[in-house]
Amino acid sequence: MTCSSESSSADKSVSYMPKWLVAAAALLVVLRIGDVVLSKMHAGEPAKTKAISWSQVPSRSELVAEAKRLAASPAKPVMELSPESQKHLQVLLADAKAQNKLLLLEFYADWSDPCKKMESTSLSNTQVAALVAKSFMPVRINDTQKQFGVNAKFVADLQKRYRVFAFPTLIIVGDDESPVASMIGNCSSLTTYRFLSRALSTAVISSAPQQVHPAPSL
Amino acid sequence: MNSTIIRFTAMSACLDPMKLLYVILLGFVMPIGMKVASMLHGASDSQTFEMLTGKVGVAFVLMVLCLGLAGNTATQSGRGGEYLPLIFTRPITRCEYVLSKWITITLIGGGFAALQNLVVAGIGMHFGETITAQAILSMVLERFMDAALISAAMILTMLNRNPAFQIVAVLSFYIWLAGQTIPPVSVATGGKALEDLSIETTKFMLNLSQYIADFILPTVNVYDLISNPVTAAGALIAYLSALAVYLLFAVGVTNKREFFYGTN
Amino acid sequence: MSQDNVDTICPANPAQLAVQVADLVKTYPGSDVAALSGISLSVEQGEIFGLIGPNGAGKTTLIGCLLGLLRPDSGAVKIFGKPADCLAVRQVTGYVPERSDFEYWMTARQFLQYHHGLAKRDRKDREREVTEALEAVELAKSVWNRRLKTYSRGMLQRLNIAQMLIGKPRLALLDEPTLGLDPTGVTLVRNLVKKMQDEGMTAIVNSHQLDEVERVCDRVAFIKQGKIASVENLHSGAVSDYHLLIRWPESQLNGSLNSVVAQAAKDASAGVDECHHEWGRFAVKNNKMATQLIRNLVQQGLPIEEVVPERAKLEELFSASQREGEGQ
């Protein structure tokens, strides 16, 4: 066999770094940085799809007004519901009872990615939406701490009462204002459905005179 | 890239009885047991179960597979890994070595995890759960993607002998693990008053874990990716960029590394 | 890839130096003493070159640099004319590490198959070459398919040697190859190395077994404190020169003893150190000269009773070199 002249593969070093790897990594990092910058710019926008019609507490205009007011005169922190908040909660509970449904609170934040994701996945699931429509009164408690620096009093009180520290948190409230069940985080549709239906059956057993229809099995 | 490495890593994973036992116990027996129990009691799947059949399960399987990888420089006898000083005297580029190892570990680890997911889904279906074919495909794909990223991170940690780096890496891993006990959430920003210490600590831990997860182990929800590609593009870019950076650094670190193996 | 590369660097040119090291300097990070402070040497093709020296002298560091496992701070290493970390060079290099970690679940056969594949040798020849290597290191057939967990130290070392053989190297670096071997094993290694030399392989041997080094190597370098103290040629020079102590009883040559002895030595080109009534001490360069000297003396009528060689063995040179250093 004749000696071949220097072939490039023969002279390759053991510490050879392939160019394609370097290029791919550089490109992807640049794209990532771009993506992060873009999402920071779009941070405050609300979620796009709404499969369940939450009645918003407080509504957007109320939010802005109260936030401004509170910013001017900050309230003292309390652990229990203040009388006004308690009254408000009682009103909601009465509403739910009148409709023969359970009160479902979602502690929500506009800026929260998991919240938006849950909105577009689990909460858009047809079965979940149907169950909520049938047996729950959905109320969304909007956290505005991040955007405006304060929360509406009712929101802050409820968060403290139910020890909410993360969004999204779903809490089903019983007659005596205690939490019957809670679910933290962006859970799958199946888990959400199970959570809701289990709470429903517990409520059926515990409240005899009120007839709340049990959920169909998934 | 190098078939010998690929073949022998695969052999190492499958023929070593200790590794197999560990994988079977943690990867199969436990989650299957948990699934059957939850089906029989009509309860929804616990978070622990989600963890074991999700990223955390993958991470555990991969840890076992990666254990033999790093190769010691200062050797002590015992269940040694590959003796890197000897391997690297062969005509193999360090890049080939790292990438071949990575691919094999990803495929095997991902394969185990995907299999486990399939078995568990099968049990669910047997007990009457409905689950679509698309969901199953997403699950399987997601396990492989998890495996790819986590194994790249582990390989980098094992090959980079810088002790500071290793401490940070392991610490981050444990914090990430702790954060996995809760589904994806946004942590509430506190009010002006300091609340309960326990809530504050939880918030802090969660925040840290989320940062770490976003930065170090970005996840891609494959189901979202398939059904809603545009919105999931950001997550995919985060994932791919992390993966590329880990592999690049793993190769770079190995290239730079010197192997001193003698007695002093 | 394999065959082409072997020919690219396994020269057409037999004058190409197998190993050429120039002013190698290497300091380990965190240490202020240089492990290597300016080593230069060259090894010709087909030569067996020994490295001896006290622990910590830098021999392992030197081997590490030759293998591309360590990067020298300055200086050049050329193996068959190419830098040490070139893939083609790795292809033709074999290495027996001082200590080796084995994957204990593997069998000997699998281990060698692994290295056969790593060395990028032809798949077709794999089974045959693995068997050949196992036979060459005289591992019992019954253990070929047993897991390495069950192997003794000596068996593992034989496997280590086999792993070097399987790559069919042109340059072999052996770091303490006889460590853990019983006397049969030691002989085996010696014979293997010699056989490979006959087939054109070059070798560098690092060993503390000075008598083995003497038997096998062509040249030996003393390395001390990161420098080469001296390079000895074992086929000529101080180590191969030795002295003969010859005794004889009272004889008829009494008067002419000195002149007879002097003449015999002169004819054999040997040197006379001392000559007494009943014994003499002579300097010879090699065995042939010794035989000639003895023959001459006998022919002259000297009734030789006893001949005792005094060798300036490597060991003596080694300790002399040590003492030299300590005296400074």
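All chains are identified by letter, namely A, B and C, in their written order; residue positions are counted from 1 within each chain.
The working rule: a contact is a pair of C-beta atoms (placed from the backbone, for glycine too) under 8 Å apart; a residue touches a chain by one contact, two chains touch by 3 or more.
Fair warning: this is a prediction, and the values are worked out from it, not measured in the lab.
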Original post:
What's the fewest number of moves from chain A to chain B, given that each move must go to a chain touching the current one?
Top reply: 1
**OP:** Tell me which of B-C and A-C has more C-beta pairs in contact.
**Re:** B-C
Subject >> Chain with minimal offset from the mean of all protein Cα atoms >> reply: B
Subject >> Centre-of-Cα separation between chain B and chain A, whole angstrom >> reply: 27
Original post:
How many angstrom lie between the CA centroids of chain B and chain C, rounded to a whole number?
Top reply: 49
**OP:** Averaged over CA atoms, how far is the centre of chain A from the centre of chain C? Could you give it in whole Å?
**Re:** 74
Original post:
Do you know which chain A residues sit against two or more other chains?
Top reply: 12-16
**OP:** Find every residue in chain C that makes contact with two or more other chains and list them.
**Re:** 1, 5, 68, 87-88, 90
Subject >> chain B, residues touching no fewer than two other chains >> reply: 88, 91-93
Subject >> Touching residues on chain B, where the partner in the complex is chain A >> reply: 43-45, 88, 91-95, 128-130, 182-193, 195-196, 199, 202-203, 206, 221, 223-224, 228, 231, 233-234, 237-238, 240-241, 244-245, 247-248, 251-252, 255-256
**OP:** Quick one: which bits of chain A touch chain C in the complex? Just the residue numbers, please.
**Re:** 1-7, 9-16
Original post:
Taking the complex as given, what residues does chain C use to touch chain A?
Top reply: 1, 3-5, 7-9, 11-12, 68, 82-83, 85-88, 90
Subject >> Interface residues, chain A side, partner chain B - complex >> reply: 12-18, 21-22, 24-25, 28-29, 31-32, 35, 38-39, 74, 77, 109, 111-115, 117, 120-121, 143, 145-146, 150-151, 156, 159-160, 163-169, 184-187, 190-191, 194-195, 198, 217-218
**OP:** Please name which positions on chain B make contact with chain C in the complex.
**Re:** 3-5, 7-8, 11-12, 15-17, 68, 71-72, 75, 77, 79-83, 85-93, 258-264
